[in-house]
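One chain, chain A, links the two complexes that follow: it is found with chain B in the first and with chain C in the second.
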Partner chain A sequence: MADTATISSYPSTLPRPRDEQAALEAVWASPRSWRIVTDVNNTVIGYFYVGTAMLFFLLAGTLALLIRLQLAVPSNTFLSQETYNQIFTMHGTVMMFLFAVPVVEAMGILLLPQMLGARDQPFPRLGAFAFWAYFVGGLVFFSTLFFDLAPSGGWFMYPPLTSSQFSPNIGADFWLLGIGFIEISAIAGAIEIIVGVLRTRAPGMTLDRMPMFAWTMLIFAGMIVFAFPAVILATILLELERAFGWPFFIAAKGGDALLWQHLFWFFGHPEVYIIFLPAAGMVSMIVPTMAGTPLVGYRLVVVALIATGFFSFGLWVHHMFTTGIPALSLSFFSAASMAVSLPSGIQVFAWIATIASGRLRWTTPSLFILGFLFIFTLGGLTGVMVAMVPFDWQVHDTYFVVAHFHYVLVGGMVFPLFAAFHYWAPAFSGRALSERLGKWTFWLMFGGFNIAFFPMHLAGLMGMPRRVYTYPAVMEWGVLNMVSTMGAFLFASGIALFLIDLARNLRPGGSDTAGNIWNGGTLEWLHNREYGPRSIPIVTSADPLWEQPHLARDVDAGRYYLPGSITGRRETIVTSPIEATPQYLLRLPGPGWTPFLAANFTAAFFMLLTVKAVTLALISGVLAVAMLVVWMWDSDPKPLEPVDIGGGIKLTTYASGSLSHSWWAMIVLLLVAGSLYLAYVFSYLYLWTVSPQFWPKPEALAPVASAVLSAFLLVSGSAILVAAGRVLPHRSRSGRAFELLTGLAAAILLAALIAEVSAQSQAGQRPATDIHGALVFTAAFLQGQIALPILVMAGFVIARSLGGRLVLERRVIFDNFSLLYHYTIGQSLLGLLLVHGFPRLAG
Partner chain B sequence: MRHARSFATIVASSVVLGGCGRDVQSMLAPKGIQAEQIAVLAWLLFGFGIFVLAIVIAATWLAIGGSARSRRILAQENTVLTLGIAFPVVTLTLLLGYGVWLTRALLDTDRDQNAVGIEVVGEQWWWRVTYLAPDGTPVASANEIRIPVATPIAFKLKASDVIHSFWVPSLGGKVDMIPGRTTHLRLTAERPGTYRGQCAEYCGGAHALMALEVIAMPASEHAAWLRRAAMPARAPQSDIEQRGQHLFLGAGCGACHTVRGTAAAGKLGPDLTQMGARRSVGIDTMPLTHDNLVRFITDGQHVKPGNLMPEFRFLQPPELDALAAYLLSLKAMDADG
Partner chain C sequence: MSADFKGIRPLADLLRLFIAPAIWLAHLGALYAAEALICAGPQRGHDDKMSWIVFLFTVAALMCLIILAVRTFRPGDGVPRSSGQTSAWFRRITLLLAVLSGSGVIWTSLPTAFLPVCSSAP
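Showing the complex of A and B:
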């Protein structure tokens, strides 16, 4: 551990060994040519990730232009009704799921390690896996459009329109399996970001010295953890209904179409802030640099961000103001929707205050920020308007709302993103982007945007609904629509100019970048290569490059921590979550085929399942698991002797328990699983309030004894696994007790699941008959979904133990397995209580 | 400031558009009590929006190029708190109070004890309308809703297949129609006229074409109309109409459509007892004329793609003429329109 004395003794003035930097570079070298797909380094994956997200931006933008062409004149026949419906569904879906969330996640993967002074993300292979899964899954999903197989139920996919009865084509299945799968990839990225931000900051970078972008990414990732599981559950339920007839959304059997809307918008509203917060973080980074002064109200802004994240989970019903819900709920959600505008107000005036306290330079990033301020404020104000229930009754699902959320999303996210591209390009590229072209790009985009979207407010007020493929001439919406179409093409020409600028000037990947041309104050403006800075500095303020004048020079001379590779592998320093005190040296994996292959096979599994090629899908699934096992076999390397990272600081090379970064990742994963299960508990109770008549009388339920038996099995499973932990062998192995107990615990979990399913079947419950049966078997399904990985992991734990890779001193794999196992037991017990106890309580 | 001015100009021009153009479906040209109340709220919100936008633009302008003193004031955290929290808390609380009051007033059903009940069911992609005749018998119709002016109408809204949303902007806000649920909406037209409405919840396929018309009539006319509409269909008078009826029943139209007083009693499609009195065919895709009727019967999948009615292409032109003549004759003798 580092104490204040050693920290103050830095930077070291000792000369560095001659070949230290060359060795460091060799360890971090990217594979050549096409083997680059095996690289896992955050910079390389970050380039791929941002590039792919922008590709989807262009694709979905092209769809938008087709939409605008169709609507330019009344009664147009440019697109057919069905084609138009597919195109607007894909435009929304691709923009939200394949562009907006991935691109901010990508910017996080690319920028965070540099900003935090880390060499890489804490789980490089997980990041690579998440990217490739998204890349392959996204491309396959998009290409359904070329085969007339794209979904046409809207990006919100409301049942019953998307049920097998009203959407018999597999387009809806592509949406459910494809998007569900891509969201899993987003969650993987979120776990990576949370652990990265909390555990891999440079020494001394306490939470209140953390760059604002890192704060927003932390909150962004935290929101993904709680919001995405709701929509993943929704997609599971709808797919179970489509494939097997479990009637979650069919009113005649006790289901309810509104359940989907609750789950979807419980995700969908936070989603807006999930997209906006990181963009606000970018603004909070760029404004201080361009004004040449620290952000005014740093703490206020952090509080505002946290408040936004918190409030955003209490607003979802404002998407449902027209569904006939009672006045009391309407008023509550109306108030909450207004309250969420307060933190945005704080941020807007904090940026204005920062501009006022410095001198704003008229650069391209500044222009995009000012454009953002105007557009986002206007979008926020129409947001306040639609939060007013009676006004919403008129404009809901009209072009007024289309205008509103494009002002919020394009203004709130795309403009800051373009500011960010122009701002950070010199940190990664040999040349900065052109200021002259950049200003043209801005004016084309700003003018085009307002010309395209402002008239939509008016069209909506004049009665034009959303999602219409045409309209009759008598409605006199023609002029406004023609203006919108022209604006859209102007906006697109701005994007085209930006692409020209990129082609002319963007030169990433070289060892020398254009550098700190804006005089930024944060660590990403150090001389960063693929491995980040030459040495990892001590941070003593929020804007270290401004406060520590020689920092850049000293870092580059290797005068701070970890100036070379100590163990001959890729490494980074793990620090404590709040104070950022060095804790241990994390050895990171290098390039390998397994993340790439695992992602491809996982994508193949989901896509083949969609087209009902079950055998091939299963083969892909098994191969994906096999790749994961191979990948994990090398993880959790053997502890080494403590190492000196410089300045007399000795760090261990191994950590277990809550000190370990992977323990943190597992906890976050359990939060995801818990959120998913709570969404299920909510669905169960919600559907009971809607159709209690479908719940059987207590005497018709599965007997209490069966539940007691299952519960007994589960509790004993937990006890057995605890016992296994006690007999975890030391270095030298003796007996087979550990393997036996671990195997037994896994088997008992399976036995409890089988006992529950057979008890319910014997009691006459069937999943497709009515909503109660469907919910009972959903509990079992969710249980099976987590029991299966536990079985695989138990086998893996046993294999590692047999292979001598799991002993008392090297036990992280077992610790993580135990966390998941005990969580699963807890989830099962809750499920038993709900499924067996609730009907008896309520009946 | 430039932006604020252009915003105001455009909002002002929308008044002109709303006031002078065809305002059959504009919320800014209200023709009913509920729509008027919401329009007042809307103008209040627009005013509030312009005001706040002006403040933000002015503050940004001063922050960039204002005097040293104004920049010093803007750069303080207290200013951030005042403009970012105190000001919005006060104004938003006032707005919210008004909004909540209005929400409750609009949902308050106790005050219209004498409301006229009309049931509307959303179908892919048309509206099934059921009135109650004075004697309590249901009177089925489709896609047109005739209401008495100055009388509160209590709409009972349902959906038969997917979610739809019932919306007539001139008269008030929208309410969704959700399978398995019944929702309610109160509207009161203040003057006679024809107000267009449109399905506002995406319902697949021909959602864009799912329009409806509300025809507000003086109360006495409406009562007379409802009496006539409740009667069985007018019997065919001429030869061609008789041939048309024969064909209508023979070709199986009655499997889906009802013509009261005949053997045709299908429930799947719209009730055609008053078909000849409607203003359009295939919802409002085409005005009701002889040729358009024929076109819908033979080529309906082009007029309204995906609709459930098969195309009756085997019918010969003389047969189609007879069928159209019969359908056009289906109206009470002195019905208007």
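Showing the complex of A and C:
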């Protein structure tokens, strides 16, 4: 471990071996030509990812232009009503799900390793999988527009409008499965980001020295972990209703359409901050560089970030102010809505103070940031207006709201994003973007945006409703809309100019970048190549390039840690989460087909299911699982002797337990699963408050004995798996007992599930009859959804043991399996308690 | 080195940062749930019961936050193994978050002082 003596004696000035760098380059070389799709390196995947997200921005932007064309004059007939509905639904959905969240995640995948001084993300193949899943799923989803299959229920898809009664065609199913799938990919990316930020920082980069962008990405990813499961559950429920008639949203059978709104906005409100926080993080990186001084109030900004992350979850009901929830509840949330403006305000003041304490250079990124501050502040003000309950009744569902959220979204994320593109281009491209074109881009976008959206406030106050495909020629509506449309095209011309700039100046991929032209202080401004910096520095401040004058030169000369490839593979240093002390050397996987194929088969599975090609879907599903198994087979490489990463630091090459980076990933995954289940528990209780009369009398419930039996099975399953862990054999001993016990544990989990389902059926519960039955079987469904992977994983664990790849000294696969297993037992017990206990308590 | 990091210590240390805002969120959720179950549940309308619940939850949340805040003044708590600088930083952040969340708790429970419970929106 790096004690002070070794730190001060660093960097080493000894000459490096001659072919060390060439070897490092060879290990990290990308496959040529079309085989590039097999690469998993964050620089390659990051490019693809950002590029794809921008493609969706352009596509959804084109749809926005179509909307504006239609609305330019009153009583226009350019688009039919149904087409218009599809177009604005797709515009909203694509912008929110295929652009805003993915582009931020993409920037994280691309930037974070360079910024943190890592060679790559901790799970390169997971990142590649997330990207390809998003790419294929997104394109298929978008193309439904061309087949007149696109959903038309608005981007938040409220039932009953989206139930099979009112939306019988498969457009809604495409939305549900497509978006559900893309959310899963977003979660995969979030896991990658959390573990990356916490475990792969350069030595010495303690939490209080971490770049602000990394902080925001950490909070961002954490919010995804808690927010996305709610909407995934909502899509599962709606899809179960549409496909099998489980009546979650049908009032006649005890369901409630409001449940969708609750679940959706539990995700939807944090979503706004999920989008906004990373953009704010970008601003917090750019402002100090452009002002030439460290960020003022670093500590307060961190506090503000954490607070925003939590406070934004408290706001879900404010989107439903006109839906008749008791007044007191409403005022809790109204108060919470305003509380969240405090932390946002802290950040704005930190930026302004930074600008004031330094000297701002008038570069393109600075302009975009000032534009952002202006627009976002206005959006915040109208937001406070909307948050006031009586005002909301006035403007609900008018163009005022459309104007408000575009000020927040475009101001809050598109402008910072364009600042980021201009700012970071030289770190990745052989040439910086043009300052002259950039300034033109800015003024076109800024002017165009305000001309397009400011009049919408007025139109809204005059009562023009949103989501109408045309309007009569009353009042000044015609003029206002015409101005809006012209503004929108001005904005679009700004984007077009940006694309020209990219085409002329962007030179990605080479190892000679334009470099630190802005004089930035953080590690991404080192000379980074495909594999990040030549050697991994030790960090002693928040702006290492400013504080450690020779850092860039010494790093590039290979004088710091890990100047070559020690084990002949791609590798990076894993450090501790708070202090960033080096803990072990992580060997990373190189290019391979499995992530690409697995993503494609998974996408095929979902899409084929949507068009009800069940057999083909199942085949794809099996192939996807097969790919995952192949992929996982050579994960967890076997321990080697400790290695010397330079500076006298010896690190092990293997870690298990909470030391292992994959343990952290598993914990995050369990948080995802736990949030999903909590959303289910919420739905159960919520529906009970709506229609308690559908809950059977205690006598009519499944007998207590059956619940006790299931619980007994579950607990013994856990015990057996613990026993399996105890008999995990040493190298070259027989693992027979271990394999038997593991198999037994998996079988018991399945048995408990079957016992529960049959007890409920015998008690006369049916999922499609009424809401209680539906909820009871949903609990079983959720348990089955996790039991299935457990069965596959158990088989995998056994196979690895048989293949000699799972022994006491190499046990991470088993550790992760048991974490998931014990979690599942816990979840199932909670489910039993709820389903059997609650009706007896309430009845 | 490894002995230090066995168990879930690093995770627990990290999660300390998030306790205070989590209390705020739990408080809000509890108020909302209480209101939903008492006002909208089968036995509707127990106004005084609700006021008591709001009061109790608020006091409980504030107590937790105060304990958390006071602990940050005791050196040795927080992140013991950290170098002095980082651990001081950690404690300051925790303290600030506790204060912020405390104001949040008070702010969100204020409406009960002014609004009748269990009335539906006008």
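Just so we're on the same page, the second predicted complex is superposed on the first by the 840 of 843 C-alpha atoms of A that agree within 3 Å, B and C clash if a C-alpha of one lies under 4 Å from a C-alpha of the other, contacts with A are read in each partner's own complex, and residues count from 1 in each chain.
To be clear about the criterion, a residue touches a chain if its C-beta (ideal position, glycine included) is under 8 Å from a C-beta of that chain, and two chains touch if they have at least 3 such contacts.
Only a predicted model underlies this, so the values are computations on that prediction, with no experimental measurement involved.
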Practice task
Please work out whether A:T206 is in contact with chain B alone, chain C alone, both, or neither, and reply first, second, both or neither.
Solution key: second
Exercise for the section: Determine, under the contact definition given at the top, whether A:Q583 touches first (chain B), second (chain C), both, or neither. Expected result: second
Exercise for the section: May I ask you to decide whether A:L300 touches chain B, chain C, both, or neither, giving the answer as first, second, both or neither? Expected result: both
Exercise for the section: For A:L360, select first, second, both or neither according to whether it touches chain B, chain C, the two together, or no partner. Expected result: first
Exercise for the section: Please name the chain, chain B or chain C, that touches the greater number of residues in chain A. Expected result: B
Practice task
Once the structures are superposed on A, label A:Y158 by its partner contacts, choosing first (chain B), second (chain C), both or neither.
Solution key: first
Exercise for the section: Applying the touch criterion given at the start, work out whether A:G309 contacts chain B, chain C, both or neither, answering first, second, both or neither. Expected result: second
Practice task
With the two complexes superposed on chain A, say which partner A:S331 touches: chain B (first), chain C (second), both, or neither.
Solution key: both
Completion exercise
Both partners, chain B and chain C, contact chain A at residues 300, 324, 327, 330-331, 334-335, 338-339, 342, 389
Practice task
Over in the complex, which chain B residues touch chain A? Could you list them?
Solution key: 3, 7, 10, 14, 17-18, 21-28, 35, 37-38, 41-42, 45-46, 48-49, 52-53, 56-57, 59-60, 62-64, 66, 70-77, 79-81, 83-85, 88-89, 92, 95-96, 99-100, 102-104, 106-107, 124, 161-163, 165, 167, 169, 172-176, 178-181, 183-184, 196, 198-208, 284, 305-306
Fill in the blank from the handout: Seen from chain A, its contact residues with chain B in the complex are 80-82, 85, 152-154, 158, 160-161, 166-167, 251-252, 255-258, 296-297, 300, 322-324, 327, 330-331, 334-335, 338-339, 341-342, 345-350, 352-357, 360, 370, 373-374, 377-378, 381-382, 384-385, 388-398, 454-455, 458, 461-463, 465-472, 474-476
Practice task
Spell out the part of chain A that touches chain C in their complex, as residue ranges.
Solution key: 1, 198, 206-208, 299-300, 302-303, 306-307, 309-311, 313-314, 317, 321, 324-332, 334-336, 338-339, 342-343, 389, 576-579, 581, 583, 652, 655, 657-659, 664, 667, 685-686, 689-690, 692
Handout entry: Of chain C, residues touching chain A in the complex
Key = 1-2, 5-11, 13-14, 17-18, 21-22, 24-25, 28, 31-33, 35-37, 39-42, 50, 79, 81-83, 85-86, 89-90, 92-93, 96-97, 100-101, 104, 107-112, 115-122
